[in-house]
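Let me give you the structure first, and then I'll get to my questions.
Chain lettering (A, B, C and D) follows the sequence in which the chains are written, and residue indices restart at 1 in each chain.
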């Protein structure tokens, strides 16, 4: 068993052969998931903060949940990851996995960014906007939702491309099959821009950079307990009860 | 070869073993597709009206297109259909295939309708709204788009459930895998309501009725020519050019 | 003192020289307001149903509120009314006052309606949509909000024109000064359409009809008690608390 | 006559007693307007770039327009300005006039900002978002529109407060009378944030800062030629033609 204590970031990871126990909020889970997903270890997320979309077990139920899991063949839910690579002048400058989303956005005082979107190498549209979000189903209830995107059920095998404050009124979120490669080309611009991964990793982006995203070959495995996805939607988003 | 002339509805169908030639607008294609899809015959849609999403060949190119198709092994694009059944008191009262969408909506002078949405029998939310749209990827650029829904690429294996003018501000379009069964229960209400299929077939709906939709076992096969889906999006929706 | 009992519609009105006491929900207040507003009598709305935007006093506080009002010079809030006239072939076919909104909408099985919007006789836009809402600030939190419109504070001297599911993606709610005359011309169409006033009065609309709306010369006077407009917004719309 | 050449920013200003001639795009007009508005000089904006909302005269018509204006009593359109002051620990740290908007936004790699909105000192809501826009009617067709705000006709005596990507789904643009004082309090946060004025002036904002906006006592006077506001809307936003 491996115990990792990351005190500086107030994260505690307990990585074992059987499961990874993540204590924290959705943010903690996102960074933990990126770190351990490739090991194939299922994750149990215990919520120390306010209700999260991903961290469903409250601290008070941690021990009973661990006991229930121990020795049983608990169901896990597979969540897709985006494999994101940033290219500059043909060279790879950054590579990250995202459980929620990859976002290119302008800095606060910059003006509009200019993007081309390509799907499997085919030009889709040019967009002037504050930014563009490429989100997984897991991330569809995070930043993409705030930018006007739809909710994707976790079992949906698609990603969603959601422009942030597009200059043209006709742009709409675009749902793309997860078999496709999604590419963003950052147009000629003097503006400051950043790529962020799950709202956590920030990489400066320069004009002419290409971001390429496709479905990662591995997934994040979340241990499922009693709550369904829709329970969480109703509680978090206040979707109507009967 | 079978030639069907439906003069009353100003539609001309020419159904052959090799292909079905549909002359008209998107509306004509929708009704033709529902009629011939189960035969597995590919459809070539020739546009007699304004530019449609589905009817891509202009009349002036009909003969050259037909000659190009003849004898060749042209690519066809498979479009999913919704198999929609309306139940009342346990009895089936209507059954239709939809290429675009199934919509339950209130009449003009009625007040809000009340719906429960269930996915694979699991309760998702209750919604008070003017109506609810269940759309295929093909239909995602039609009424669902006007109601605030996302665009689904034709290759996406999902449907989208889009509420129309929901009373609660938290409802959002929901993208659902096409392996699921989507069910709408019309709540207790004295209001007049209708089920419409592709905006064409109207069936009165009564309180307590259930609408069940799942992916049909057959598809609509559209003969593909030069234009891509994204060309049409850019032309119809004025999505940005580079 | 005049007591009016409208048992068929489950409304009880108690109209006195000093004030009109309306017992019911927002719907009851809307019809009462249209009926008594021209008398200049202030209205106290007591809420018998679920929390309303307009009916702020709960039944349990009715007597203490009436006692507090009696003899005092209570503040009233003036709410603008729309004076709406429907013309056909140059003839007036209907005239109504609206506290919330005037809406022209298609019937459930009709296709898109076609409208021209004119402000003070100047052509603004043509719109194909399910309908168009012309709302007062009071009505901005009702149907217009569900259709994507903004919230107008009660003190705003404007109306808002909100298309319902417009076919073109570029249409947006338009805020118009209440000094202007707003005119809707229903385009050539075989479709069934209705004008509704505050969601209550339904008038059939034919192609070529003109709806003209301007601010009525009288207002609705609501007796104000402790709750502010923003308290109600936070409670009803779940706008964030500090 | 005063001729001001600002070569560094590629702006040319020609300020005379009779009128200020601004040559450039909307951005040039915005900075010129803030600079000369308090002089009460009417502005004629000649468009050197792509079609703007504000710069309606094309270069080819500059001389004929100037001749037509000379000696005539041309109509001018008054546009409201926001008088914006940023306070820190009770001290004024910046004061600017805005013709379009005042925006507080997070930097690209920051997380959500936390705001309180107050109208005339009364708490309206708390909002977690990428930013908040306070826009004039002139600015309602700029950034606020991209963030989902309504269009305000120039004659509307209101401002609009539009959250940018609010975390809660229930927030909506709020139209506020221009007689009110609008106040934003930036909540406790370690995040980087900036105040920008008309997308041009950037002022760092710290937690606890207050931004106060009210209608300026002077206006911007735009010389009106033939084009109406709605002509521009139809051309720029592609609002429907008849």
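Criterion: contacts are C-beta pairs under 8 Å (C-beta built on N, C-alpha and C of every residue); 3 or more make two chains touch, one makes a residue touch a chain.
Note that this is a predicted model, so its numbers are computed, not measured.
Colleague: So which has more C-beta pairs touching, B-C or B-D?
Modeller: Per the contact counts, B-C leads.
Colleague: Rounded to the nearest 5 degrees, what angle rotates chain A onto chain B on CA?
Modeller: 180
Colleague: Taking the mean of the C-alpha atoms as each chain's centre, how many Å separate chain A from chain B?
Modeller: The computed centroid separation for chain A versus chain B comes out at 31 Å.
Colleague: Taking each chain's centre as the mean position of its Cα atoms, how many Å separate chain B from chain D?
Modeller: Their C-alpha centroids are separated by 43 Å.
Colleague: With chain centres defined as C-alpha means, what is the inter-centre distance between chain B and chain C in Å?
Modeller: 35
Colleague: Enumerate the residues of chain A that touch no fewer than two other chains.
Modeller: Within chain A, residues 145, 169-170, 172, 237-238 contact more than one other chain.
Colleague: In their shared complex, at which residues does chain B touch chain A?
Modeller: It comes out as residues 116, 119, 122-128, 140, 145, 149-153, 155-158, 160, 168, 170-177, 179-180, 228, 230, 233-234, 237-242.
Colleague: Can you tell me which positions in chain A touch chain C when the two form their complex?
Modeller: So the residues of chain A touching chain C come out as 169-170, 172, 238.
Colleague: Write out the stretch or stretches of chain A touching chain D in their complex.
Modeller: Residue list for chain A touching chain D: 105-109, 111, 129-131, 143, 145-148, 164-167, 169-170, 192-194, 196, 199, 202, 237-238.
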